[in-house]
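Here is the structure we will look at.
Chains here go by letter, A, B, C and D, matching the order in which they are written, and residues are numbered from 1 within each.
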Amino acid sequence: MAKLEIQESDNGIKQVKVIGRLDILGTGEVETSFTAHTAGKKEKVIVDLSELDFLASIGIRLFLITAKAQAKRGGKIVLLNPKPLVEDTLVTAGINLLIPIYNDLELASDDLNSAVSE
Amino acid sequence: MAKLEIQESDNGIKQVKVIGRLDILGTGEVETSFTAHTAGKKEKVIVDLSELDFLASIGIRLFLITAKAQAKRGGKIVLLNPKPLVEDTLVTAGINLLIPIYNDLELASDDLNSAVSE
Amino acid sequence: MTVSTHNTLPHTGTTEILCYLTLKNKFDELNKLSVWINNDISTLFKISERTVFKVDLILAELIANIISYAYPSQCESEIVIKCHYFQDNIRIDIEDSGIPFNPLITPDVVLPQSLEEADIGGLGIHLIRHYMDEGTYQRKDNKNIFSVRLKI
Amino acid sequence: MTVSTHNTLPHTGTTEILCYLTLKNKFDELNKLSVWINNDISTLFKISERTVFKVDLILAELIANIISYAYPSQCESEIVIKCHYFQDNIRIDIEDSGIPFNPLITPDVVLPQSLEEADIGGLGIHLIRHYMDEGTYQRKDNKNIFSVRLKI
């Protein structure tokens, strides 16, 4: 129901695309891999949501775990290109106030590069 | 809801194609024209049912009126190419025992030509 | 997952569909009836063309009869039709407040053996009884309630 | 006559649709739930993608909570879900026999203002209450019956 595509680029930013449904089952499928890739060490992470079809609170929780971990480590995570219904859920949960949401890759990268020291 | 296409060929056979639905409303629309073309005088009539989508008892009645009139006058009417559901209704009403049903134009014409004297 | 276009409703769970239509006892209302069957019912129930044809025929005959025979002329009234889809069955209930009439107990028409003796009429109830799988009739509160069940 | 593929049922008459689904209180049953919503309900009710998403979210949160919190561990039970479509409204009834719990009277979560203070959780009921248009809770025969209405 959900899968990840990880892409590391030479500018030091890690892109994680989440595909499918982040309901209980989908989140269960990807959470270990997601946190391993995004929360283990200080990191600049873009979570690409362009192919995420459904997001429940359990999926939001996953993003928060990474965001809290990165905040502690001096890293940062941002969200990119959520579909309108997913974005609506993020905003309803107040997540946009905690994790920036971008609709443009460059703006997302700029934020990460200026916020996170090398 | 229903309309007719009349075609007279030089072999003396009149083809009447009934298109649409012979429910109360459709039958109301075509019945005057249908009987005028098929029941007024001795005639060899093929009623082409290939584009008839629905047939209720009121439509069957229309065919019977013509068939009875032609039987009296020494003419004949046959039915051609009904769709399976329409044919099922004709058979359920026992009409196939009173008015021949053909799936082949040539057989229909042969029947009319041998049954009706010039 | 795709959904085929006829003869199957999706069925992860159980589905029950009710469609209601109210008609006046006038012939020009029959247009609504066939649109309702061939559009609403057919789309919602996802039944085969054959089943749609049966529903169409049964209702065309029944409603035409009610309009023709159930009321004194000039008497305006309403006919209520309910189509109920549930587990491989369609139940159709027709309710009118015309004169008492039970279409299940009229003697079956004798199908004519020749054109000469053929009667022009009397086929409606024969077709209804042939195409339904079960029928029940009730007279209640001065109303005829005729129910037809069709397997699909 | 063509039927558009979402947000409108044909409507010559009046239509009422009921869909039932019974689930065990196990997480791997949630797969059936989302198939049911995104396939059966979505196809039958012809509702917009947005409405399907809302139904999906509300039920995902509610059923996950019931499975997580309503029963002592190892206790097998059934959750009955009914979706009812009628005249521009969807009503969803969820029935379980777990411990009494009314999701309408829990205090609303305080959305965190910073990542440091953010609690990992407590968002489910907030989302449910945001996306529904009306909710009612009853405790009856040792059952929780929670009903949600959504305008469409």
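Just so it is clear, a residue touches a chain if its C-beta (ideal position, glycine included) is under 8 Å from a C-beta of that chain, and two chains touch if they have at least 3 such contacts.
These numbers were taken from a predicted model, which means no experiment stands behind them.
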Shortest contact path, chain A to chain C, counted in steps: 2
Length of the line joining the C-alpha centres of chain C and chain D, rounded to whole Å: 36
Distance between the centres, which are taken as Cα means, of chain B and chain A, whole angstrom: 71
Approximate Å spacing (C-alpha centroids) for the pair chain A, chain D: 26
Centre-to-centre distance between chain D and chain B (centres being mean Cα positions), rounded to whole Å: 57
In chain D, residues with contacts to at least two other chains: none
Junction residues of chain A - those touching two or more other chains: none
Contact pairs between chains, per stated definition: A-D, B-C, C-D
Chain A-facing residues of chain D, complex: 27-28, 30-31, 34, 49-50, 53, 56-57, 60-61, 64, 111-116, 118, 120-121, 123-124, 126-127, 130-131
Chain C-facing residues of chain D, complex: 1, 3, 9-22, 32, 35-36, 39-40, 43-44, 81
Chain A - residues contacting chain D, complex: 1, 21, 23-25, 28, 54, 56-58, 60-61, 64-65, 67-68, 71, 85, 89, 92-94, 97-99
